[in-house]
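Paired with subunit B in one complex and with subunit C in the other, subunit A is shared by the two complexes that follow.
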Partner chain A sequence: MKLLSSYFKEMRIAARGFYFYIELIMAVILLVILLVAVNEESVSKQKEFLYYDMPPAVEDYIIQKEVEKGALKLIEPTEFKMKAVEFEVENRETDELTSYEFEKEIYNLVTYEEWDPDTGKLIKTAYIAETEEQMIRLAFQERKIGATIVIDDSGERAFRYYNQGYETERLVNLLYILHNKLPEVVEASVDNQNVRKLGEVQTLNNRENLVPVMVVFMGSLMGFFIVVAYIFLDKTEGVIRAFAVTPSSVWKYLLSKTMIIITTVLISSSIIAIPVLRGQPNYPLFYLLLIISTFSFAALGLFISSFYDTISKAFGVLYFFMIAMMVPAFSYFIPSFDPLWLRYFPTYPLLQSMKEIIMVSTDAVYVLKTSGIFLAGGLLLFILANYRFKKTLTV
Partner chain B sequence: MLKNVFKIFSRDLKIARRDSMALVIMIMPVLLAVGLVFFVPGLNDTTVNIALLDSDTSEHVAYLDQFAKIEVFGGENELMDRVAKRDDVAAIIPDGNGYEIILQGNEPEMVENYAKALNALYEIGATKEETTAAMYSFGHTVSPVKTMLVNMLISMIIMLSGMLIAISIVGEKSDNTINAVNVTPASQTAFVLGKSMMGGLIALLSIIASLIITGYYDINWFMIILVGLSSMLLSLIVGFVQGLASDDVIEAAANVKMIIIPIAGSIAGYELLADKWQWTMYWSPFYWAYKANMLVLSKTADWPTVLLCTGMVLVLSLAVYFFSRPKIREGLS
Partner chain C sequence: MISVKNLSHSYSNDDKLAVKNISFEIEKGETFGFLGPSGAGKSTTQGVLTGLLKQQDGEVIVAGYDVKKVQNERFNKIGVSFEQSNVYSKLTAKENLDYYAKLFDVPTRDSVELLRLVGLDGKENDMAGEFSKGMKHRLTFARSMLNNPEIWFLDEPTTGLDPAIAATIKDIIKEHAAEGVTSFLTTHNMYIADELCDRVAFIIDGVIKLIDTPKNLKLQYGQKLIDIEYTDNGKIVKETLKTVTEADRRRIGEIVNNHDIQTMHSKEATLEEIFIQVTGRELV
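Right, the complex of A and B next:
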């Protein structure tokens, strides 16, 4: 009863404050951004500059063949304002350097969009230069890949690639090997590859994919920071010391603070998640994980705040922790970057579990395992925080 | 007035020596910059990950190792478990006279295409030596990913310096020192300037230190300092508006959270929006600061563009200042 009355009292105070409403406004803003500014399917921004070193008739024939297949689409020409520039280009095989010097100029380039005829997705935008120097200059200024396509004496295609220089050796090797045999031979062999998929695993669209990140970072993790701010505010006002002379116990006070954070996170996360995900997620698991993870991070916040007098002194630890916890977002957005050390960050399994919950076929065991570990850790931290606060009160 | 400004500044400096927050705001970007130096190479080396069996021929393993990150497993079950994990890995295992590619099913199309192309090239006996491609290089050593992360770090420094000022103002309010200042010879303008110097100086020094640590020695330093100074003004205005609008640290924290939206939105807008939609971000001073830094860091900046960007940062920051001036005056009196 005391816990509930403490919770309702704290909730009334929070409802009078600015922070509670900022959380809700922020959730609405994020929802609007997700629904209005984020496309469900990603639109390719890949660009390349090409120069066809061959008779115009051959160039037209090659391009028209692709246009007829639906792989290329002519769009409006693109204007490039070129700056005066001097630079050198190195031949990777011979180490020979060639110098270039250009004045200010404006180029209007024929532009094509390359589309995947099977999926109907935009692959890249290709700009066709009139001379090789023009293409090299554009690749240098725009920091994009450039290539010259040549038809040699035997009628076969050869390529001169202009890379930026920071590409990995593996990527350069790949470019070499891709231009080895006749394209038709490679294409036929690629089509004959035997591919087996372990399951028709659902992929999330861009909008859905952002929800776990927003819920984890703007909800659970921010709860960690806010509970600390609440505690320091109460420390400044002497509220915590007042508990030494009241019949209510400290753990009830700490839990009521945590419950305020959980309530705020539940409301703000629901504002973001429900309109975007609708009936897709497993909501019981979603709310279970949300409550447990917010509780655990808040418990950690309580524990840390028990060591400091003011938010200024605790700031270093809070700041460092929050930044470190955001690092797993790189692996979340770039799945091919997944080093082992990153999997030990608490937000790594949390992000993956949130993602699982959104999938139609949720790996419930993984989510429950993550929830269990977070709950155990959260309880331990809460007990330690309670011990620390009780000790501080009696000093 | 200048004397009063420096008095307020030196008082803040004394407080900062006793208080870890200012120290943290100064040191943390430097630590993050060191972290970036170690972290970025791994992030850049991401063509495709392939899992193979150790019973496979050493020739096949060595061939694929030239183009992809390879992991070798003792048995098929172990390999299947690896494919089923949450990152993107394609397995290639012997199957009769050829090979079979195994995917989990949720990988981006690019992973499947890479795996198919590499195995196809191996099967037709393609070698690097027989290539019809020649490679040339512009000799740039810094990847766009690194530049983007360093630029994000600069945006974060701007935000944190603003936060330092905001929390300092909240502290002044709770100690009732703002009222006390009103009865001293120091004017409100001197108070504003004095309080701003600390955050501004930290922002500028942190930006310079982060750039040196991450290896951007040969950029145009005049340009970066000009952008840094305009960003400094931005962080000051943000800090003052936040600090005076907040009654306690909770509100200051909530206000900091609110400022993350235009900062993150400006970065996402610059990086993700198509060229024809970039104008939709012109309202944000953070966008112009991010753009100017990006051009300077990638060494593609020219003076007219940098001046335009810094001019926009200044104009938009001053617009925010004049819009919030009545609030600032009210908060100080």
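Right, the complex of A and C next:
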């Protein structure tokens, strides 16, 4: 009851202040950017390196058929400056390692655009390598999908993929679904193919791919910063002291603040996520993770603000935390930058979980595990913050 | 109602004490004044008694509750008016009180009536943030009465208020005293202490110098004083002399014999003069 009246009071105050609207306006701006400036297809930037492992006549025949369907369109050849490199490729089935060593050289590759004949939209650009090694090297250097196309026993086309290695089995399977289209083929392919590690798997379009970043930073960063701003507003006004001499407990005061942040974040995230993703995400998981992660970051904000009496004194620490929270975004956008230490930043698993939630085949266990860890950390910080706040009251 | 034994408090948790080993008892229905200059430790004492500051030492019982133990329900019986007003500036006066009322488990007073009582009628729906300092102070004061407290902590209840409003506040405190409310009142204004308090404690540098009723103090320390105004070479001179010391009495005779007396009043020593006598310091 007291918690609820505190919540409604905080909501009323929030609605009369500007932080609340900053967050909502931010959400609307981000949504507009996503819808207007980010091309949903925008896969034109997507590259795929292919090697046709078959007699040239068969290759020509297959490609010619695709060109006639309107699925492939020959464009200018593309030049690739290849760096000197050494790397290993592991065969998933046999665990066999193959080492490669290359000198600096220049490739000139036949280039096709892949079009969807039904919708008439550009899907991606495909570069045809002359040898399988060339294809693997390109995929490795460009951090893109590489595939060898073979004709299997039944005369069907099949793909042998190369990806980075940290994708889950489920994701790898998904790749087959996307590229082979027919589910029956998928089953067979999954069983028969050698799956190797290399390259990056892109299963979300660019617009969708931006949503986890926006939602996570909206929740964690904004939640963190705004709860701190609210607390310092209250500290200046001294209202927490008035609260401390009522039969209500300080934790209810702190929780009511946190609930305001969660409400704001739920609204702003929905503004972004629903129009862009529509029915695609697992919404129960989406909101669960959002509530828990916002709670944790708000608790961190509460804890930090308990050490300072003005926001200007807290600035240095706040900056540090905010920057630290943003770092995992680099790895999110630049897959080649993915050092191990980065995975210990709390926003890293959060970004990955959000991405999982948005994807058609969500790894619910991973998301729930992340949520569990965040909940535990958040509760601990909240308890510490409560203890600190009770200790730092003044007359 | 309030019992304090050997209470000390240090903000830095060391031997730098803001309050040093103080003890006192406050009876039910009593208005107890803490009188002392700025920095004496008045607010610190109130802070420990209200549980805002952690009790470090000694024993403090308020309304039957040991302050050391966390028992929030005791605040149903306690009202606290702060030295520095602390209200939500983004809420109206009425919203401030209505919200606060919901935090108690006991029947609370009507917010509009309370606002009228402190002269804020007509301002119910104005944002507290747009209030003057004195208005905010009155809102803080009004808030402390919401739960009909049995024990009332008043930190400088009239400081910074204009005389008419200060008089209203004093009347409210007197009415509550008549109804049996126990009050702990801090002030550096001896008139307030004299007028409102059943007993006063003189506190300076964290130490209680004495505790007594204003009347006893005046009987004990107050001598009659005489204010004399006379002309000396065409100039008006004013002197205050004691009737008990030999030198002063001789000086009175001298003035009466040699000068033209303009006015001459006898008066009782004020609490402030007694404070200076006892502590050797002024109430600033």
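Methods note: the second predicted complex is superposed on the first by the 231 of 395 C-alpha atoms of A that agree within 3 Å, B and C clash if a C-alpha of one lies under 4 Å from a C-alpha of the other, contacts with A are read in each partner's own complex, and residues count from 1 in each chain.
Convention: a residue touches a chain if its C-beta (ideal position, glycine included) is under 8 Å from a C-beta of that chain, and two chains touch if they have at least 3 such contacts.
What you see is a predicted model; the values in this text were computed from it and never measured.
Enquirer: First (subunit B), second (subunit C), both or neither: which does A:Arg12 touch?
Expert: A:Arg12 sits against subunit C, while subunit B stays out of touch.
Enquirer: Quick one: is A:Ser331 in contact with subunit B, with subunit C, with both, or with neither? Answer first, second, both or neither.
Expert: first
Enquirer: By the touch definition at the top of the document, which applies to A:Pro247: first (subunit B), second (subunit C), both, or neither?
Expert: second
Enquirer: Between subunit C and subunit B, which one touches more residues of subunit A when both complexes sit on the common chain A?
Expert: The larger set of subunit A residues in touch belongs to B.
Enquirer: Is A:Ile33 in contact with subunit B, with subunit C, with both, or with neither (first, second, both, neither)?
Expert: In the superposition, A:Ile33 contacts subunit B only.
Enquirer: Which partner chains sit in contact with A:Lys391 here, subunit B, subunit C, both or neither? Use first/second/both/neither.
Expert: After superposition on chain A, A:Lys391 lies in contact with subunit C alone.
Enquirer: Touch check for A:Phe286: first (subunit B), second (subunit C), both, or neither?
Expert: After superposition on chain A, A:Phe286 lies in contact with neither partner.
Enquirer: Contacts for A:Phe297 in the overlay, against subunit B (first) and subunit C (second): which applies, first, second, both or neither?
Expert: So A:Phe297 meets neither subunit B nor subunit C here.
Enquirer: Can you list the residues of subunit A that meet both subunit B and subunit C?
Expert: 17
Enquirer: Quick one: in the complex, what on subunit C touches subunit A?
Expert: 43-44, 46-47, 50-54, 72-76, 78, 80, 82-91, 95, 99-100, 102-105, 140, 143, 155
Enquirer: Help me check something: in the complex, which residues belonging to subunit A touch subunit B?
Expert: On the subunit A side, the touching residues are 17-19, 22-23, 25-26, 29-30, 33, 43, 45, 83, 87-93, 119, 139-141, 143, 152, 156-166, 168, 170-181, 185-186, 189-190, 192-203, 218, 222, 225-226, 229-230, 232-233, 236, 311-313, 315-316, 319-320, 323, 327, 330-331, 334-339, 352, 355.
Enquirer: Given the complex with subunit A, which residues does subunit B contribute to the contact?
Expert: Interface residues on subunit B, with respect to subunit A: 19-21, 23-25, 28, 31-32, 39, 42-49, 66-69, 80, 83-84, 86-88, 95, 98-109, 111-112, 115-121, 123-124, 126-128, 130-144, 167, 171, 174, 246-251, 253-255, 257-258, 261, 265, 272, 274, 298, 300, 302.
Enquirer: Once bound in the complex, which stretches of subunit A touch subunit C?
Expert: 1-2, 5-6, 9, 12-13, 16-17, 237-239, 241-249, 391, 393-395
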